[in-house]
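Chain lettering (A, B, C and D) follows the sequence in which the chains are written, and residue indices restart at 1 in each chain.
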Amino acid sequence: MRLRKWVFNLLEPSASGSRASKAIELLLITLIFLNIVAIILESVKEINEVYADFFHEIEYFSVVIFTIEYALRIWTAPENPKFAKFRLKRLQYGISTMSIIDLFSILPYYVSIALNLVPVDLRFIRVIRLFRLIRVLKIARYLKALNLIQAVLRERKEQIVLSVMFIVFLLVMVSTIMYYVEHDAQPEKFSSIPATMWWGIETLTTVGYGDMIPSTTLGRILGGAIAILGIGLFALPAGILSSGLTDHLHGNKKKYKRCPHCGGELHE
Amino acid sequence: MRLRKWVFNLLEPSASGSRASKAIELLLITLIFLNIVAIILESVKEINEVYADFFHEIEYFSVVIFTIEYALRIWTAPENPKFAKFRLKRLQYGISTMSIIDLFSILPYYVSIALNLVPVDLRFIRVIRLFRLIRVLKIARYLKALNLIQAVLRERKEQIVLSVMFIVFLLVMVSTIMYYVEHDAQPEKFSSIPATMWWGIETLTTVGYGDMIPSTTLGRILGGAIAILGIGLFALPAGILSSGLTDHLHGNKKKYKRCPHCGGELHE
Amino acid sequence: MRLRKWVFNLLEPSASGSRASKAIELLLITLIFLNIVAIILESVKEINEVYADFFHEIEYFSVVIFTIEYALRIWTAPENPKFAKFRLKRLQYGISTMSIIDLFSILPYYVSIALNLVPVDLRFIRVIRLFRLIRVLKIARYLKALNLIQAVLRERKEQIVLSVMFIVFLLVMVSTIMYYVEHDAQPEKFSSIPATMWWGIETLTTVGYGDMIPSTTLGRILGGAIAILGIGLFALPAGILSSGLTDHLHGNKKKYKRCPHCGGELHE
Amino acid sequence: MRLRKWVFNLLEPSASGSRASKAIELLLITLIFLNIVAIILESVKEINEVYADFFHEIEYFSVVIFTIEYALRIWTAPENPKFAKFRLKRLQYGISTMSIIDLFSILPYYVSIALNLVPVDLRFIRVIRLFRLIRVLKIARYLKALNLIQAVLRERKEQIVLSVMFIVFLLVMVSTIMYYVEHDAQPEKFSSIPATMWWGIETLTTVGYGDMIPSTTLGRILGGAIAILGIGLFALPAGILSSGLTDHLHGNKKKYKRCPHCGGELHE
């Protein structure tokens, strides 16, 4: 049991401050980054042609390390004080978000090995490779920045849901009207309401690629009015996320306290 | 009269908390959503070709239900405590925004039936179909988010009107100058001041489709200066809407109260 | 002299509340709007071909009225309490902004009549016609919204100048670097540093027309970094204008007052 | 030693208020501006063809003056009270940011002279010419606006690093997903993940040039969702910079002080 405790402290970042645990943390972070870089570079044809073998080796090495990591984390889960109250500590850990991410980081590799025995659909294999992207999320364990986003999303959940509802409502209205206005003039571009929604998103986020542009006078008048008034609504969810993060980064949660003298609330 | 009271409570959301009233509310919301989805999917040619009959059935079913709903709401209007003071309670309800929306949700169907007796202009029929969009607004009765926008618009009415005036003034100035500068170089694109206004809106909202681009040196210098300084003004109405909504979503209306000690105003 | 006093009160908006003065104010505002509409519509070829004579009549009528207005304002200037202290009251009024706008609203017409006697450069005549745009500014006398902008510009002058300096510096740096990076790959588009500045403005204001796009890898990396970090700086002057206006529209100038109890500053 | 003190006061802006020192400051600022203008205009082929000799003379003159300036600043460094505590005052000054900028403003010229003796790679010469851009940074000594940016960057360093990390993470995720979704449909545009990142930056900053546009239905749905939610995150570093600068421009650093009465914090 002492060994399990020792291994747990090695793996859990900031649990113990020992040199060895820091080295292991660094190794794992480096390996995740290496995987991200590999995924990115592998997509560049010229690079993949030359370094394909190297990428396979990284893949092989990563899966070995991540599998050992996963096994050790499951094994040492009972040492985690968070699960002290539970009976099935390993199961409890096994269904936590980070553990599932860990599992799906290695699972696709084993699945693709199993599938290689029989000829299968190439697209299925592609999907399996896409799953490797999940490894990027392993970094969440070490990146405080991502915990921040999670915290903001939880805190402002209600507001974000409400503002997304606004946006969907606005987008449906705007796209339907624009479809009826522009369809006759540009039947190929404004071919249907879902197609017109692409115009709506492009315009209301002010991205404006320019692949769909209203051409009729009425369409331009409506499009202009929509842009001027709708941009603010479309900026809401992004703004909520952004202001939530800024609040966290500043460390102020804007709590107010009543003044015992006047009863007015004061900044704290 | 007891029946009328009972029916009123069934229809009015959150008036009674009974199971039946909630079921009816859910049924109506589902039907509105079904209509929205139908309007959207009907516009996709491939889908419409296959499911045209199905959409007609939805249409038929919706009109029946919405007609019954409209009739019952008019019938039960005298039960509404809001109209307790009025004599012509049904008329009073009949001219309310929601009632008119309800009426126009079904009227086009009856009009199009009446018009089918005699051959009419196809474009007129199209306009009638467009009216079905009004059904989307029926959701406003159940969607708090839309009441919010209404509240914000009423609260900041003055500011929005003023900032829209700014924008119109700025747009006229900017487009007129740009027209005189660019017309000779690109007579087909910058063909008139109203046409140049499309460029103005595109640029000042930063959408920038790229269908109209100043090409002369003077036009680019002016266009650049206009973009840098004008963008802030064009963002005003959207910003007012957006900040108004954020205030409501946060639940703080920024009231200030005077401190009895110092006379300074405090947050409440 | 009583007549002059009476005429002054008629012309000066909100000076007297008489019916006649309000009628004159309304007439002048209507005439200015008519001129704006005329300038806009005149630019549309199809409309101008049909209504050219009508536009000439509006022009003729406007010049007559505006000339009378100008003459009367100069004549009644000594009645203005603002100039009570000055000796040359009419001159003092004559060099005020609004008076100069009034003068330049009519001058081009007289100049163009004078020039018609001798054949002149057509472009010069065009410039004279462009001067008619100044009439749009006559509306400033009646539009509180414009006084607001003026007030904001005066208040935040220093900030706006500073932030425009930032922008110019940033634009020069960014465009010079981008020119050296992209010139070889796209010598026709990124032909010189001033030409590259157009790209800089387009990108940093996020308008992004798409007529100039970096194509080299280095150009895209730099362009991306520039966009991510520079957008905030380019939004500064617009943001200052916008926040200044919002402050005015809210009516709060964010003055702080010291609390006699604790010495801390309080909102007032 | 009196001469050295006198020269130091002449060169150091705002050290002494004498006429001569102000004249020298003005001369140096003018020369820097002249260099900036020369760099910009030299890139315009038509202008360079005519004024090439003139630009060479400016270059020659600037290098002479800047070399004298650099030598004098090194010579007078021991007079600077900032280095009073150090032993190797000249070295201490020589490795300061401004001194290095001064050095690199003249060095390329001498290097290019040295290289002219032997035929070298033309691209290398180009890089040397690019170094002249560093002269633009010499203006930092006189421009308070740039000190401001520096101060903001130092103050908000942590936040900017964190938000840039967000962005990089978001960009990697978004681009990888989009690459897998769009690669088959547009193998030439979405050719690799790094190439898709250009789309990601373009879209998330809302620049939207329109050279890379998702064409598949899934790509558009994902692209739209990414745009709506991601824009806020991408605006973070720019927003932090911008708000930091606005705070400085307003002169308020948002310090809070505790109220001795109620313990609540108050604005100061």
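What we mean here is this: a residue touches a chain if its C-beta (ideal position, glycine included) is under 8 Å from a C-beta of that chain, and two chains touch if they have at least 3 such contacts.
Keep in mind that this is a model prediction, so the values were computed, not measured.
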Interface residue overlap between copies subunit A and subunit D, same or different (over half shared): different
B-D, B-C or A-C - pair sharing over half of the A-B contact pairs: B-C
Between C-D and A-C, the pair with more C-beta contacts: C-D
Centroid distance [mean C-alpha coordinates] between subunit C and subunit A, Å: 46
Centre distance in Å when subunit C and subunit D are each reduced to the mean of their C-alpha atoms: 32
Where subunit A touches two or more other chains, by residue: 194, 202, 206-210, 235, 239-240, 259, 261, 266-267
Subunit D partner contacts - residues on subunit A that touch it in the complex: 36, 39-40, 43-45, 126, 130, 133, 136, 139, 143, 145-146, 148-149, 164, 167, 194, 197-198, 201-202, 205-211, 234-235, 237-242, 245-246, 249-250, 257-261, 266-268
Subunit C residues within the subunit A interface of the complex: 206, 208-210, 261
Partner subunit B, residues of subunit A touching it in the complex: 159, 162-163, 165-166, 169, 172-173, 176-177, 179-180, 183, 191-194, 202-203, 206-210, 213, 217, 220, 223-224, 227-233, 235-236, 239-240, 243, 256, 259, 261-267
